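Presented below are the structures under discussion, each in the form of structure tokens.
Here come two complexes built around subunit A, the first alongside subunit B, the second alongside subunit C.
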Partner chain A sequence: MAKITIDDKVIEYSGNPNLIELAKENGIDIPHFCYHPALTISGNCRMCLVEVGTLCKNQQTGEYEKDDKGNIKVNFMPKPQPGCYQQVSDGMVIRTNSERIIEARKGVLEFTLANHPLDCPVCDQAGECVLQDYSFQYGFSRSQFIEKKRTYKKNEISPVLTQEMNRCIHCDRCARFTTEIAGESSFARTWRGNKMELSVLPGGTITHNYQGNMADICPVGALTITDFRFKSRVWFLNYGVTLCTSCGKGCSVMTSHKKGKVFRLKPVYNEKVNTYWMCDHGRLRYRFLNESRKSGHSAGGKKANFQSALSLAAEILKASKNIGVIASAKESLETCMVLSRFFREVAPTAHVDYRVDDAQVRDDRSLRPGELLRAKDPYPNSFGAREAGLLPGQGGATAIDILGAPEKFDAVVLFIDDHIIEAGDRLGNMSKAKNLIVLSPFESSLDSTAAVSFATRAYSETSGTYINIDGIRQKYCPVLPPLGDARDSWDILNQLSGLMGKSFGLDSIGKIRSHFKLGD
Partner chain B sequence: MAINVRAKYLNKTEEMSFIDRLYLPAIVKGMFITMKHFLFTKAYTVEYPEERKPIAPRFRGRHVMKRDEMGRERCTACYCCQYSCPAECINIEAAEVTGDIRNNHPEDKYARVFEIELLRCIFCGFCQEACPKAAIYLEEFYELADYDDRSKYLLTKKEMMETEGKPVKYRV
Partner chain C sequence: MPEKRIILDKIEDKHSPNIDFYRGNGGYEALKKALTQMSPSQILDEMKASNLRGRGGAGFPVGVKWSFINRTFPGPKYLICNADEGEPGTFKDREILQKKPHIMIEGMIIGAYVMGLDAGYIYIRGEFYEPIQAVDKAIREAYDAGILGKDIMGSGFSFDLYTYRGAGAYICGEESSLINSLEGKRGLPRLRPPFPAQVGLYGRPSTVNNVESFSAVPSIINNGGKWYAGLGTPKSGGTKLFSISGHVNRPGVYEIPMGTPWTELFNDMAGGVKDGKKLKAVIPGGSSTPVLRPEELDGMTMDYESVQSKGSMLGSGAVIVLDETTDMVKLLYRILHFYAHESCGQCTPCREGCDWYYDIISRIRHGKGRLEDLDLFERLAKNIGPNTICAFGDAFTTPALSFTRKFRDEFVEYIKNGNK
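Up next, the complex of A and B:
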């Protein structure tokens, strides 16, 4: 096994690792701006300078030369080298914290800050700004620069991003992302030297669906997301890791929230699914977690407490023989399992379906054309619902049939999710339904006409499992407290089963997982 | 257990002399002290509403928001004061500077709402200390008492902001 010494720490490695990554894995932080593990190496920021040395070998004898104390002599290169470009080789000695390196970093930071405006009170990046952190950690508080700072004319590059070129440190990450990951060549470095500008090329536009990532990887506030502009300072936000539910891919995301309100989503590294990125479509759908949320149950258009709504729903389901069920693939695998069992054992019906839109799309495991992450399937758990068996039985009506003619059924159980609300017209006929039982985290016009309307928890407030288009099972945990009296869907179904005489006794997510053998 | 009794009880009352029984010398002596203070020493009190005592130069009274030398609002809604406020009495809402108000603000961001709940404020001056733009100061005004309306204690930006060229108008 090859060995390398970083700051007196002997590290074993195999293959051909990047020095910054290798050091990071072993708890040594090499500061960097332009290096990003998913992009090609540019080596232009010069922040990751390290001292590189090799063991001193006598050419004639082939033995290592030793000093007075018996340690092997190390020959260091005359100048510091950029860590991101450094080819790691056996026996190499790296110093990341020597006096020379500290001095070099200070110099680099002073140059970087020479043209960087003191915009921190106005800049949205402040608080999560790499330059801010590094200049606090490695830089010094004065500058010898007395000239006027460089300024640019403000350009509008896209509706998703706000560009502030004055803050740019020319690290080139955004341009590399556009060409290498997003596959567009419209955004690049223009002009040269001090006047260099990251801009949309003449006649071009940024059209790809991954622009938010350019703001994420920007180490300073040169690119920020327009949607989050001036909404909140980042140090007031709390963070929680959950899944994106905007398509079948199920990217790992981080919510930034404050007082129960979500302000933005950011991608979280997940090697198997989304690596470092997420699409803008999913990024901007956090608004469904804030807008028109339902906090209380209702019966017959009036507010009702949970128990009375539950007993009313049980009466309806007991009395009706012909029940239509429109499930939602937004619900977790656990809920789908309980739902499937409920309508097999407690209130048997063949009219169960989750495919409220084009059924073909829901079997499709492919991505949209030209997309990196966004799947054709708009639901996060279509394959979970399929596994749970939420499909029409023999002679059963499909979801589109039920949505088209709900008056044919004695009772209709309807799960409303954000996609169906966004589509708008699909629920048009549902007000004709005789006994409508709605389970939804969102307010809708059907709350007034429905016999019973339950408030359920949105995915950010509950835990569960999604199966994505690649068949990967991903668990998620609640990141926000539930709204008002909202209950988990499986909890409502479990309590209904008790009221209808065939109690499941599945009153926790753990019991459901062990009962249906879904793992821990 | 022996208890140490410190009190001494006087069993006999002392006989007062004739001069003591007259009381007059004691009254004269007392009046002399009173008149000495009344006529020959300066009063420590001031006639408050008409007369005021000078306040210390670093006195922390009611908040004032400053403008820069070009008459623009210095505050850029950086939320540093809100973050540092131990009483959590500051409420800020930031907004983007567009169109007509561009002349009033040096940066792209400004505080659309800037409120201070005076009943919560403990006048510690942390906001003034935290402000990177030297926009908020606690100045000399201290007569904040009122009796009928608590909504007056929500200090809005309009009330705090100094108008161009004039000192801040105090409400009370």
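Up next, the complex of A and C:
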């Protein structure tokens, strides 16, 4: 196996690895701004400079030349080389921490900072700013730059992003992202030299759905997400990884939250699903987790404790012969399994369906045209709902049928999710339903007309599994505490099964997973 | 040694741009010889024997560069002529382009034949309006005469040639940014490796040479590499064009053998300092090369090694002569203004460093300098040249350092007593 020495550490490698990545895997940080594993190499920031040496070989004998102490001599290249662009070869010797490199790094940082406004106190990037980190770690504490700093005219570049060119270090990640990943030639370097600007090209606009990523990969505060500006200092936020539920793709996301409120979503690297990115649509839909949330149950429009709501629901279901069930593919695979079993064994009905969206009806698992990640299906778990069998039985009504004429049923069990609320008039007829049982994390006008309305936990407050449009199963864990008395949907169904005399005994997510053989 | 005109032979004749005149004086004979009597490897041997070093400034041996191209590599391969003569002080290529374009075209076709290249591009700086007209006309004439296009002179070898107008960026004289510019991209230098010989224009193997380098080729074919090498010094073969400007009596382009003493070029050809003034300094190879004081010129001959031994560079042969009235502070101010304007802005040390240097010299020039600014030049330079993608970083720190070191008292005077 080929070997390379980085800072006296011998590392084995295979293939043709990137030096920065190889070093990172082995616990050595080569600082960089412009390099990004998903983008082409630009080599412009000069921060990742390393010393590159090769072992001295005697031309005649083919043996390695040794010094007095018996160590093999190393020939270092006269100039430091960019680590991002260094072709790794067997026997190579890399120094990332020699005096020369530390000097070079300091020198580069001095230039990077020369025209940087150092306005960290008012910059949203502070705390997660690469330039800030490196300045602490590698930089000078004082600048000898006494000239007037460069300033740019402020430009509105898009509603999603706020650009502050004065902070820009011209690493070109945003422009490379736009052309290489988003496939749009709207944003690029303009002007030249010290006046170089990253800007929307004349007459163009940024229209792609992935602009937030430009802010994510911006190593400084030159591009920030308008929505998050001045909302919170990042070090006051708590972080948790979960899944995005805004479409069938199921991108991995980092939720930033404080005092039970979500402030933003950021993509988390997930090799199989979204790699480094997520779409703006999903990114900005975190808001529904903060708005009109339900913390307690109600019966007949009045607050009710959980037990009384539960027994009322059990009575209704026992008494009803003809039950319509509109499930939701926002619910986890575990819930869907319990739900499916419930309406087969406890309160049998053929009128069960999860398909409230056209894409679900068509079982469309494709992406929207021109999109990198966003699926046509707005639900994260349609695949799971289908696998759980939440489809109408023989002669059963579809979800669309039930939504159209709910009064035909003795009782209707309705899952209300953020998508169906957003879709507008879908629920228009539901007030006509007799014996409506609602399960939802959100408040709605139906709470007043429903016979029973349960507060359920939103996906960010519970665990479960989603199966995305590509059939990939992804588990998620709670990142926020549940609101008030909100319960998991599977918990409600499990307790109902007990009250109705056919107890499942599935009172934990682990039991559900093992019962339905969903894995751990 | 007097002027020896090989490339500039008969250039004073008003018909010298025409193909008939050129052919009437032995033009395209070398091409004929190359295509009919010589194999590519024979020509390559002659080129290597000639000691012809690239005339764009770096002085890389042309024969060696040509041998980097793998003739048998499948698919199209390109030849590029760098006619983006942008170094302040250089105006030798313009002379060839405008008055004797056929000698360059002939050299290019021979080069293409040696390396097995399919098409050539002449990248001409946008400001060269008349030279572009002349080259375009020459290319048309060559096509009409069967010297370009399919089956050149019945040899079976085909080669197409095009001109491309640059937009006037200094950096596009750097070969990899020239290639980017030719491709329609921003003129930013590329990271190397790969070098153009592997991945060049449109990702294909390519060779880039200077106008003057190509123009030297026909005489090498006609007379042999040894003959050409014999004209110059052991390490720098042949003749070289020098564009001498500034405070001299007869500025202009002179073709002299490599190794000609500086005094001959300066006194005998250019006629010495204008108006009987005293010589103050000489920039021997274009604005980016270190300035030399008169005492450093003693015994200097005009070839790569000798100029280098004096601590400067021959560069593109752009000799700028400065007399005693020259204000070195204002001159450096002007030079750094040029470089600050021309930095491509791609990599950090150069983008930020250029303007920083310019800001510093502006302050000094306007009487607001500090003594530590001179040390700042020194300190910053250590982190510019070695850390940048291309040689532009060295191109602007070099004059700054050599000016402030060799004429420190003038800078100190400005700093202490202001601009008088």
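The rule is simple: the second predicted complex is superposed on the first by the 516 of 520 C-alpha atoms of A that agree within 3 Å, B and C clash if a C-alpha of one lies under 4 Å from a C-alpha of the other, contacts with A are read in each partner's own complex, and residues count from 1 in each chain.
Following the convention adopted for this analysis, a contact is a pair of C-beta atoms (placed from the backbone, for glycine too) under 8 Å apart; a residue touches a chain by one contact, two chains touch by 3 or more.
Predicted model only: the values in this text are computed from it and were never measured.
The superposition on subunit A brings subunit B alongside subunit C with room for both. Touch criterion met: A:Asn194 reaches subunit C, while subunit B stays clear of it. By the touch criterion stated above, A:Pro80 is placed in contact with subunit C alone, subunit B being left untouched. Applying the stated contact rule after C-alpha superposition, one finds that A:Gly384 touches neither subunit B nor subunit C. In the superposed model, A:Gly282 lies in contact with neither subunit B nor subunit C.
Contacts of A:Gly43 after superposition on the shared chain: subunit C is touched, whereas subunit B is not.
Of the two partner chains placed by superposition, only subunit C is touched by A:Phe111; subunit B is not. Within the superposed three-chain model, A:Gly212 lies out of touch with both subunit B and subunit C [touch as defined at top]. Among subunit B and subunit C, the chain that touches a larger number of residues in subunit A is C. After overlaying the two complexes on the shared chain, residue contacts for A:Pro482 are found with neither subunit B nor subunit C. No C-alpha atom of subunit B lies closer than 25 Å to any C-alpha atom of subunit C in the overlay.
Touching of subunit A by both subunit B and subunit C, each in its own complex, is seen for no residue at all.
Taken in their complex, subunit C has these residues touching subunit A: 169, 186, 191, 193, 340-349, 351-356, 359-360, 363, 376, 380, 382-384, 386-389. By the touch criterion given at the top, residues 41, 43-47, 49, 78-80, 82, 85, 87, 103-104, 106-108, 110-112, 114-115, 144-145, 147-148, 150, 169-170, 189, 191-196 of subunit A touch subunit C in their complex.
Subunit B contributes residues 76-80, 83, 94-96, 107-109, 132-133 to its touches with subunit A in the complex.
Of all the residues in subunit A, the ones that touch subunit B in their complex are 119-122, 126, 229-231, 233, 235-236.
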